[in-house]
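In what follows, chain A forms one complex with chain B and a second complex with chain C.
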Partner chain A sequence: MDAINWHSMFFLLFAGLACSFALAVVCTSNVVRMAFFLILSLAATAGLFFLAGADFVGAMQLVLYVGGTLVLLVFGVMLTAQSPFVSIRTSGGDWVLAAMVGGSLLAILVPSALVIGERANQAPGQAVAPTIKSASAGPAAETPSDALPAPPVESRPTATRIGQALLGVRVDKLTEQDETVRNGLSGYLLPFEIASIHLLVVLVGAAFLARAKRRAKSKFSDA
Partner chain B sequence: MWLLTEPVGLSHYLIVGAIMFVSGAVCMATKRNALGVLMGIELVLNGANINFVAFGSDFLSRNPSYGIGLDGQVIAIFVIVLAAAEAAVALAIVLNFYNNYSTVDVDQADELKG
Partner chain C sequence: MAEFINTKLLFFLGLEADSVVGLVIVALIAAALILNVIAVGALIFIWMERKIAGRIQDRLGPTRVGGQFGWLQTLADGIKLIAKEDLMPAAADGLLFRLAPYIAFCASFGSFIALPFATGWVGLELNVAVFFVTAVLGLEVFGVILAGYASASKWSLFGAMREAAQVISYEVPLGLCIVIPVMIAGTMDLTKIGNEQAGWFTNWYMFHDPFTFITSIVYFTCAMASVNRAPFDLAEAESELVAGFHTEYSGLRWSYFFMAEYGSMFLVSGLGAILFCGGWNGPIPIVSIVSGGQHAMHLEGWPFFIANLLGLANFIFKAALGVTLMMWARWSLPRLRIDQVITTCWKYCTPIVGVMFVGVLFWQGLQLPSPHDLGLGRGKVEAGSVREGWLREAEAAASEVPAELQVRDRATEEKTDEDIDLPRSALLVDESRVE
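Up next, the complex of A and B:
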């Protein structure tokens, strides 16, 4: 019995929470419960980001998604939660069709995910083994984990590197050998500016769309 | 039990992302409440985000030439920001529809049907 890998254990915890609450969002028909399950699922996803070493993205997921977008959605739910709309039933035929489409999509995605994961664990020049590593493989079996040393376990904060990449400096690619490739890695300054203008336009547009319209006749009735 | 003792790899993250993506797609297809459709979109974007972060992580793949480095995390941040913008506009449209038609059932929005 090997020692328990705590990274794997917390991964299983957060992955189980994220997947089960995502399925709960699909299965419930009450829109208030859907919003609550969605909040829990996205918060568990932030835990997955932390476990992948993406601390800044995880924090942004919590702050922007769970704290901002989901609160917006909950406000929408509260503003439209009249009793006939809280739970609108879907017909059984739609459920069968959606389950068939979703199941076939999952049946395509999961084997490709397994193959890509196998490939990512192999040395660069090594041919891809057609067999998927099974749980019953003995310690003497040639496993892809022997091909390369384990990835480094120390974690460096990513906020500085991401901030400098958004300002146009890729500090993680300064040692790139190829001159043309290094010139192409000029950071994300232009997408950053486009995103900021886009956010301004979106906020003005959303405020314009959702403004309270005053009818002409109410002006006289109020007076 | 072997899941608890083996290190987590790239495929684990990809499977979680696939499950969240499919849940979101099914949610978008089956919900008749417009806000439910919006929640499905959020789930789909999160499934894609998990894939981006997983490919950009240094800890999940042993082959260093396989990851996309910091690009994955930066793209994930852009996806989060654009999802916030998309939710704001879509919510404004839904509230406008609710003000004009007094319903949030997307099956009732058939005025453009030919």
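Up next, the complex of A and C:
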């Protein structure tokens, strides 16, 4: 009874939830229900992030995707709907196309997921930075050393590292032994700046497009 | 508290911390405690709401159920709600209609997980607690919109659409308001933000500088909008939309919405108390005075427990005060129109907070004095002892790695500090460590 690996169990639980809600999105015809299942699926994915100790990314997933889907649902579906409960009927051709695209993505993802497992098996300890204590909680710590290192169950300050990496310092790689690898790890300052400028341009452009178009004598034109 | 439940309690029960039974017991205790905050809170706040509404409208409010002051009025209401028939419109989307109240309630409940009630007394100590709380609380809106949509009633749908318009209006200024204390504290950990403000009330972020004072008022306005309270209760608007999004709900499902609303009221008030009013650190540092200048978080054993208990009472009092203020606003102000809500949030709150943000930025950057620096507040905890916990963790971790790595680690850490231009306090910590 005590030999249950809680990390794996919760991982399977959340992964199963995410997959089954994703299937429900595909199989439902009601648009609002689809959006509802999509949000549940994304929330389950956020649960996976929390489980991996990446609390910042998990909360970000909730804010961005769940909030984004909400806005999409309200303004994309509800405001453009012609009838009370919108439903989509998928034609046979759409199913075939969707199955081809989805199937090919799955065919890429599944082997790569399996490869990652092998890599972690080959070099235990390489995947985990030397400053990180392996979680002593959980029976996984008692497994033999050739197995996977104990997964980090407790949350660790990932937000700090992400923030510093965006500012140009990869704190997690500072203890990297290999000099050649260390030189290439200068953080993500340039991509961050490019994304920021891009977003600013988009904001200004949106404000420009949506501005009140003033015409001469607009005060009287409506009357 | 978490540590107490997780280790000591299980030790008393003779269980190991890793055992299945132990984990389940710990989880159940934590969940039951949080659930009781919402349930008992709703019980008391609904009674308070009736009494306050009565007094403001020159009435008495409930006077009969359970004694002179109607103490048990909420309990009677609860029994009535349980006994009511659970109705669902024939045209409604059954699945979504049934699930919507639970989503609203779970969002409110879920965000309590990361809300600390005193030093260390928190369901889950998260490094990004502020962010987590706001992220999960935002999901409550989803329940409201689903309820409005799934009811297949035009009043409900109107309420849901208004709620959607309101959400995208208040979320931006609310987020900006929360960023300001986070920026001053240098951490998103609510426990650390609260302990940063230990000592006299002059250490509260509310009184940090004039900009934060205005920010705290804007925060309270946006928080009221975020929990759908009058004057921002457009989604309900009982004089226009029957009852808005919950028109078609009755009985226990309806009461879930209200539990969620009162839970969220307590939550945003508590969050505001931590961010701006010192959280569990009182206006007068009684514990610090009694124990000879030592802050509660540095105590151990029973003194720590008693100090934390005082802090807990302090925090709950502050949060309840916030809820009372919301009630006062609800029964004093008329409801805004939807365009007025959007104007308030976008055209007033957002620019004001933006200016305050820049103002605080300059205040911090130019190191202008706060009341504490002018000698008005004594007993402030040394900044480095609270925040930048990750520096200490890195230090602790560095002492564990092998010697040749450790030297490199020290060197690289110093380099890091120079590179990213940390706040003063972090450098203070760093200097002390070098010595």
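One rule holds for everything that comes next: the second predicted complex is superposed on the first by the 137 of 223 C-alpha atoms of A that agree within 3 Å, B and C clash if a C-alpha of one lies under 4 Å from a C-alpha of the other, contacts with A are read in each partner's own complex, and residues count from 1 in each chain.
Methods note: contacts are C-beta pairs under 8 Å (C-beta built on N, C-alpha and C of every residue); 3 or more make two chains touch, one makes a residue touch a chain.
Predicted, not measured: the structure shown is a model, and the values here were computed from it.
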Chain B versus chain C as contact partner of A:Leu166, first or second or both or neither: first
Touched chain A residues, chain B compared with chain C: B
Which of chain B and chain C A:Pro191 touches, first, second, both or neither: first
Which of chain B and chain C A:Phe56 touches, first, second, both or neither: both
Partner chain(s) touched by A:Phe36 [first = chain B, second = chain C, both, neither]: second
First (chain B), second (chain C), both or neither touched by A:Ala206: first
Set intersection of chain A contacts, chain C complex versus chain B complex: 1-2, 4, 56, 60, 70, 73, 75, 85, 155, 158
Complex contacts: residues of chain C adjacent to chain A: 16-20, 23, 91, 93, 95-96, 99, 124-128, 131-132, 134-136, 138-139, 141-142, 145-146, 149-150, 152, 157, 160-161, 164, 167-168, 171, 188, 389-390, 393-394, 397-398, 400-401, 405, 408-409, 412-413, 415-416, 419-420
Contact set on chain A toward chain C in their complex: 1-2, 4, 6, 30, 32-33, 36, 39, 43, 55-56, 59-60, 62-63, 66-67, 70-71, 73-75, 78, 84-85, 130-133, 137-139, 155-160, 164, 167-169, 171, 174-175
Chain B residues within the chain A interface of the complex: 2-27, 29-33, 35-36, 38-40, 42-43, 46, 49-50, 53-54, 56-63, 65-67, 69-70, 72-74, 76-78, 80-85, 87-89, 91-96, 98-99, 103-105
Touch list for chain A against partner chain B, complex: 1-5, 7-9, 11-12, 15, 18-19, 22-23, 25-26, 31, 34-35, 38, 41-42, 45, 48-49, 51-54, 56-57, 60-61, 64-65, 68-70, 72-73, 75-77, 79-80, 85, 88-90, 94-95, 97-99, 101-102, 105-106, 109-110, 113-114, 116-124, 135, 144-145, 147-153, 155, 158, 161-162, 165-166, 170, 172-173, 188, 191, 195, 198-199, 202-203, 205-207, 209-210, 213
